[in-house]
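Alright, structures below, take your time with them.
Same chain, two partners: chain A is paired with chain B first, then with chain C.
Presenting the complex of A and B:
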């Protein structure tokens, strides 16, 4: 039964993508750990971390695509969910430092000692346990999205208005996390992590494992998203995107449908953030920047909204481009990014994957049409030969 | 202490009759000054008192020189001179006429001896003297110092000065100084009561401190009066601080209005999400910078006019940029608001980076013209000119825009196109042109806002980013498609922000405002002044 569910849940392209991701999850760590540094196939550790970071970005873009591509909600607040997940993981990592901080306080992280705090704030309790932190990684963004979406969708705030108030939410969180008395390290954020689950966070093995975890998590979320999108609920989701009022008149509770997608998407963004933080080694309020959220939108748009593979491709393409560009011509990166925004919206509204998919579909249709004509020709030919 | 008081009193009496004996004063002064040189340290007090008694303004530099140790006696004839330090020789100045009296070797002169007791006597004599100075500014300063450090000994001097004072503002300070001084003196209680009543009337920052300290030492019978007066002053101060908050709020509101008003056109009227709006403000600010550079280098005398020159230029520059954006990008995206948002965000990145490449990433210096700097007091409020002008300017822009939309043929066409595009088109209105011009107008207004904001904000490539979210909040809060909504939205958000700040702090106040707006939009998704009818669903 599970097999039939799985078979129903995705088409070939998703299967291929999942296979590639699982393959990468095994191959890249193997090439990093098992080959000698001078081996031609060796993957240096910094590349492993870099690509691990891209994969978490891809997961974030996938999360956004679920609400934007399939439900028409352009959230400009996904960087906030991402950052909240990141902070939850960061808090776990901070607690793991223990007495190894510069002030050597076994309980309090360095910045609290620096601020002359005497005891741990209540919301830091429990973060010394991984399972609790992992739970918070999905619960906190999920809860925020649920409460926010509950109010917003119920009062039928939609379209551009929703985009603007999600942006306001991110901005408010940005300001809040910049405050020192919030208890999240203020401006500097959380950093100087030592180990995760008892493994040194700087070690090659841990990095490779984090990469594998990111790839597998991305694959898992891809399967989940695909299952959602291809289910009956997914059809209604698309109906809400294309004709919200009509769907409502047909008797569907549009706000519930939107709320579910929004909450699931926020949880996925939180997971992406949690995988991102140990790989880059820092989380600070800058992650809440409204600009970041909009950048996620452009990854999705470049790859192709409304396709599940698209955002993954887009995130990796744009961020790969960013890494190359900022190293080679740092001044031109913003020109390139800005140009990308304009050109993609004007000329490539379906994105790379969407356009390619449409092209392939047309080719297939042509070939099919040719194939349909073939028998006639074949049938006609002998006659002509005669 | 008593002696000083005496001296002062006599000095005052003499001053009143000074012009009667004016002709003789100069001769006497010379003698008195010369006596300073001959006196022993113990006699100095009397001599200084005698000098102060003359009430002559020429005594001031002599006493000052005495305090500084710059008064010398000539050994040959015992005459006393002011001395300017310089080189081996001493430059002599006649104390009475103020004329140069040539240079003398140091050996020929002897310094007039000073100790701390003498310096004290000099200081109090000077304080009394400056109360009667010819210069209004000096009198005001003396009165203010009396007000801030009340000294019971100076009471009579103050009273005499009040009688002689003609200048209203100095007199006001003197009266307040007298009341403050009275409280620390040993005058009878009914006089003190009057003083307390007087202090309670004023907005008294000084009064409060004096009354609070007097409360501890005062007579039991006086205590209720003092307590009542303190309560009264605190009430007045609360009133004025609320007033100050309203003023700050209006000031912030005018900034928000300026930033949002162009957006009210592009977003509110046309429905275009222009994320590059903040960059239009930034371009306006940079236009001001360029104009000021040219003016500074070529026509420095026109500097006060630089803003007036920059205003139309900024309008034209940003209007042209807006026109280019509309024709080049936005017109292909009508009916796809989310895509417009992304494309204009891309444009904003490009504009920011262009400005950063051309002008550098650091803040550029934009000066305030003379009529925009400084401040004045209004009751208990301190009002700075630049903030006042910005409020005036914001309201003027608002009025002009309202006039344009409601009273001109261009405005009529704009409204027609936004209300029913196809119908407007069938009536012969060239809708694409109206779109382009409306967008250019909105951008141009943002540019003019940039000119004003360059006066109070850092002119850097990031200038616009700081305003974009706030501007959207204002427009959404006020109600899309309604200029009055933008006005009310801007000022109410500004004032709300400033009233939250004292309780919550600047950052938390801002967060609270954002949260309140988010909640408000849940309640009224179309803003404060919502459009009604068919336009809503369109």
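Presenting the complex of A and C:
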């Protein structure tokens, strides 16, 4: 049952994307580690980490697309699930520092010693074990999404109202995580990480491995999303997007349909956050900033919502542009981003990938029409050759 | 009247007794009572604001009545259930404006409507069986759309969308079909075809049709209920109802 469910996910574009991601996961670390720094094909470590970060953003955009592009739920709080996954990973990394912190306390992270705390808060227990932290990376965002979605979807909160309360959710978390007595490092967040699974987090090898892990995880989530979207459940998702009350009068429990997609999406966002934190070396409440969630919407719109490849392309394009733009004209980036969103909405409503896909489909249809019009003897030729 | 209606409840398919509902002081339904028998095709007419759509909202669980009883098959209390539950009990509803899933193909629209398990996991692992395939083919023939199975619903004409929606209701295998203005905006030829289609459907299940088009109702040739101001004004054959002075004054005369 599971295999047939997953097998369905492979169509040509997904297969190509997965092949590219797996190829990158092997090639980039190899070019970074096995070539000399002066070799023309050498990929410097800072680029490995930069692109690793883009891949985690791409995963976040993919997660958003699953609910926004396919089910019409415009979540403006997806960065919150990303940040929660990131915090879970950050807590693990903090516990790995052990006695190597500035205060040399074997159990308490530096900020707790600084705040004069005597013992570890209960919710920090277990985060010294990687498997536990990894579990929390998906469970915490998943649980928040489930509870939040349960109330929102059951009360039939829709459209712009839902978007507003997701913004409120991420803003509330921002304020909460800023407080020192929340126990998550307050304003400064969690940083100064030393190692992950016993490997030095600054080492080239670890950075390359984190890049590979991000690429492979993105490939895996792409396969999973594709399988979901192509199943009958995926068709119901689109049905809810297009005509919610029709779906309900056909006998579908729309709130359950939405809740499942929202929870899976939040879990994916959490995984993205967990891969992001070791690559950038810090997680702080700024990640809950409402603007961050809106940026994710822009990446997805630019790439093409309702296509699975679109958000990945969009996240990498926009963030690549951001890296170049902010270095050249730092003060104009936000104008460029806003302008981009307006232009895409006006001229490329299906995004880059959606528009390209529509163009290709049109060309294929034209070619088919031409082939049909061809004289019989010409069309029959290939058959005769056989 | 309530007493005679009360006796019919055990054998009825749909039973409404003294149903009232008001919105902001406006009484949309005012002690509405009527009964639909199993296998019956019934037409409902009435002026705008007579409560026809509100009545459908109440039967399908979208609106809760302030008072009154609504029973399906004599014993299932519909006022306690929501839309999805009522739909799976076997009551299908067609909206006034044709509502189909525009970005799905005609085939997928029917597949989604098919009367199968509708939970998250059954749909996630659903595979199209030969039996389901045959059922969809059969419905495509009934609604005369076999040749358009792979077209997106968005590319259908208005009349075809209406038929697709009726086909989706058939796929749902309801015992009772509520159809709201099925021929609004249709050409005369399409209207005649729709009348044939509905009569065909009514052979195996009960159908309630709300319509303004008197010619269409005459074509159906069934028992008619005329509503006005949220209550039943007259009930009987089309000739009986249309000669009723109250109906002429309230509805036809205008």
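Criterion: the second predicted complex is superposed on the first by the 367 of 386 C-alpha atoms of A that agree within 3 Å, B and C clash if a C-alpha of one lies under 4 Å from a C-alpha of the other, contacts with A are read in each partner's own complex, and residues count from 1 in each chain.
As a working rule, contacts are C-beta pairs under 8 Å (C-beta built on N, C-alpha and C of every residue); 3 or more make two chains touch, one makes a residue touch a chain.
Remember, predicted model here, so these are calculated numbers, not experimental data.
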Chain B versus chain C as contact partner of A:172, first or second or both or neither: first
Partner chain in contact with A:236 - chain B first, chain C second, else both or neither: second
Partner chain in contact with A:256 - chain B first, chain C second, else both or neither: second
Chain C versus chain B, contacts on chain A by residue: B
Touched partner set for A:373, first chain B, second chain C, both or neither: neither
Touching partner for A:102 - first (chain B), second (chain C), both, neither: neither
Touched partner set for A:246, first chain B, second chain C, both or neither: second
Contacts of A:342 with chain B and chain C, given as first, second, both or neither: first
Touch list for chain B against partner chain A, complex: 273, 275, 329, 332-333, 337-343, 345-350, 352-354, 357, 465, 469, 472-473, 476, 507-508, 510-511, 514-515, 517-519, 521-523, 525
Residues on chain C engaged by chain A in the complex (per definition of touch): 60, 83-84, 87-88, 92-93, 95, 99-104, 108, 111-113, 118-120, 123-127, 168, 172
List of chain A residues in touch with chain C within their complex: 1, 4-5, 228, 231-233, 235-236, 238-239, 242-243, 245-254, 256-257, 260
Residues of chain A touching chain B in the complex: 74, 148, 151-152, 154-157, 159-161, 163-165, 167-169, 171-172, 175-176, 178-179, 290-291, 294, 297-298, 301, 331, 334-335, 337-342, 344-346, 349
